[in-house]
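Data first, discussion second: the structure below is written as structure tokens.
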Amino acid sequence: MRLAKKDILDMESLSVGEIQYILDTAETLKEISTRPIKKVPTLRGKTVIHFFYEPSTRTKTSFEIAAKRLSADTVSISASTSSIVKGETLVDTAKNLEAMNPDAIIIRHRAAGAPHILARLSRASVINAGDGMHAHPTQALLDMMTVREKRGRLAGLRIAIIGDVAHSRVARSNIVGFIKMGAKVVLAGPATMMPIGVETLGARVTYHVQEAIKDADVVMVLRIQKERQQAFVFPSEREYAQCYGLTQEKLAGAKENVLIMHPGPINRGIEISPEVAEGPYSVILEQVANGVAIRMALLFLLLGGPR
Amino acid sequence: MRLAKKDILDMESLSVGEIQYILDTAETLKEISTRPIKKVPTLRGKTVIHFFYEPSTRTKTSFEIAAKRLSADTVSISASTSSIVKGETLVDTAKNLEAMNPDAIIIRHRAAGAPHILARLSRASVINAGDGMHAHPTQALLDMMTVREKRGRLAGLRIAIIGDVAHSRVARSNIVGFIKMGAKVVLAGPATMMPIGVETLGARVTYHVQEAIKDADVVMVLRIQKERQQAFVFPSEREYAQCYGLTQEKLAGAKENVLIMHPGPINRGIEISPEVAEGPYSVILEQVANGVAIRMALLFLLLGGPR
Amino acid sequence: MRLAKKDILDMESLSVGEIQYILDTAETLKEISTRPIKKVPTLRGKTVIHFFYEPSTRTKTSFEIAAKRLSADTVSISASTSSIVKGETLVDTAKNLEAMNPDAIIIRHRAAGAPHILARLSRASVINAGDGMHAHPTQALLDMMTVREKRGRLAGLRIAIIGDVAHSRVARSNIVGFIKMGAKVVLAGPATMMPIGVETLGARVTYHVQEAIKDADVVMVLRIQKERQQAFVFPSEREYAQCYGLTQEKLAGAKENVLIMHPGPINRGIEISPEVAEGPYSVILEQVANGVAIRMALLFLLLGGPR
């Protein structure tokens, strides 16, 4: 059964039922990646275009592997070798891709809203693989899948999100997603990294990491996005690590068996200490494995049968 | 049935019969791209190398999709990540690729004649995807397919080509192709953009856009190739737009139902106004769709059976 | 039957029996690349990641073609479009790739030992496609395959390796491999290009090219690796060509039917004259063709059946 919608653009536009259906499907498909023959013929003859305007290893590789394990044909376009360097607008590029009859376009773009423009112009399904500081819904879905897998549920859990919330599309999508599923979200980070009005999303804000972590079921550490910051919004990396970096001591107040998450790539020793990143409660690599499953689920649910 | 030739290098070397056969085949194969399962097993086990020394979105993506919809295996080499940066000559690169037994090599290169060198050195079929300011035969073929589809014929039509003819491999291939098929070609552009002796190809030259457009069945607007011009050959973009940019008013003298074409990517508001580019007579996106069909036809006719 | 080992990291860790088994398998698989349908379903549903931190045409293309002719799914990551630009460490990248359940990772890296780190962190098979100045085992294997194919054996042959031995991972892997298989290896090059203690590998060192070539069955010319040298370790290219460049005259003392080899890409007229590179004894392009066969054999022997 397909999803009723054509595109996956953000967590706001997914219903509770749709999220559950995506997570359920991903759990079922996850097993394919552990078979000796990691491939099913479901999307044979479908064309999936991967259009990444920003560098990416894990997300791009994850999507490509997902598409190939479903037998789709994939074509990859990166900004550096494409007509973007000739000054073509996104709208024109979108219309041109559309004319080649792709079934899905996966897009990462530095401009918030780019996937929405593409979705409007295209009959193909569009999946947002990260747009500016706006949204990263597949990351939120894989995070939710990981938590549900480990805890059996999302409702009633307490999720602490630590760090540069203002610059983080991962944070925004997770806040919306977890709250929608009935979890409580507490944010902690320096005031300069906390977006104004974030409480309207339903999250609680504190400036003390320990307060956020207290009784948390999940601590999600955000990456310091050096490449996305105009000017560094805190005095030094060392000071950041001291105040906000997740260490064993800061974790003391969390629940036993707290889950430690990070969207990667990690700045080791800055936002998270190596002991915590590789400690017994870290599910960082489960997140990556679930990423393939979530992307398989989305491609399957968007393209996988008669609409 | 295969084409008798090994390579597609330029329009000069294709006969009228071969062009008709390619267009007929492309029309037949076009339907595959509209099926739910966009794939036929015709070229299973064939190896197609895409070798693009210059940036490209639409042509490269079009060729890759064409190859994959025919089930060929594709390998993509771009100059920036290849041994070109180690200073290897084209001849050596060609011989090396040849040794890996590809069935076809698709090449885009800034040097005119590069595909011809490759074709001589290789048993593989070579398709020219654009070489310097020389030729772009697959673009001409898809343009001719688009016109024939819309008008039912090519012979006797009047084709106006507007703009930077001197720097345009698209123009050169279209002039040769359309004239060969019995159409009349009129060129218009500033004197600095008109190659000396272009009349010997059989085209008529004028320096007034309206004169070229008068009674035209097709107006093909060329891209101002900023990246290919040493010094700008006209005073300013604004002046160019005023004198040569295709606008609704300049179109007044054309035939009713004139077809508006552009090879893309568009410099919107310079060589063509947005109203015209997106107007009712524009077939710019049909050109892109037909590009996939033409490239499928060529791969099929060159590789698709016992020679 | 599989190889007993998980990874191919260097020639040191391959036994004589394993090398023979790899060469035998490659000879058998070579024929596939000459069929009209160059594809067998052996590795269907296996995921092979090509992870190239350094530019490469022939090795990368060779591996990709090898994987596709065995029906594996391939995903390609290049440093310039990946999270490496975000400062992720190799260890973190490796763990992340691993979490996506690839069956093999092919890695080229400027740091010696990088493939070994990856191999320790990953259940996937790792194949070293060249690491710093350390090793390039698939190149050595394809060189040995080429010699064995032409001479019927390796034991007792005299192999001269000429040039920049110190900076050459190709040389190092070939020295170890050929000596292991019972050949004699003589090295010649300027003193500044001869690594200290290379005799401990069992090779003889001379500074006179003619002395090395005398009675040689094989003359392997190394590439002057301009991109890998801090400062040029000889006065000028012209002087190098005169003293060490392989010319017809210098070849006079070699055995009749001597084989001329070069790993490519060639600096024509520097380390080898065009007459020799393209002369009757050159097997340079056979090396390339055998490269595909060796890489098919390795993928097949590492992934091709129950372990």
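Each chain gets a letter, A, B and C, in the order it is written, and its residues are counted from 1.
The criterion applied here is as follows: a residue touches a chain if its C-beta (ideal position, glycine included) is under 8 Å from a C-beta of that chain, and two chains touch if they have at least 3 such contacts.
Computed from a prediction, not measured in an experiment: that's the story for all the values here.
Chain A and chain B carry the same sequence, and matching their CA atoms takes a turn of 120 degrees, rounded to a multiple of 5.
Under half of the residue numbers at the interface between copies chain A and chain C are found on both sides, making the touching surfaces mostly different.
Put simply, the C-alpha centre of chain A and that of chain C have 39 angstrom between them.
For chain A, the set of residues that touch two or more other chains comprises 80.
Listed in rising order, the residues of chain B touching chain A in the complex are 33-39, 52, 55-58, 60-62, 64-65, 68-69, 78, 80, 226-227, 264-268, 285-286, 288-289, 291-292. Of all residues in chain B, only 44-47, 49, 73, 75, 77, 80-89, 92-93, 95-103, 306 touch chain C in the complex they form.
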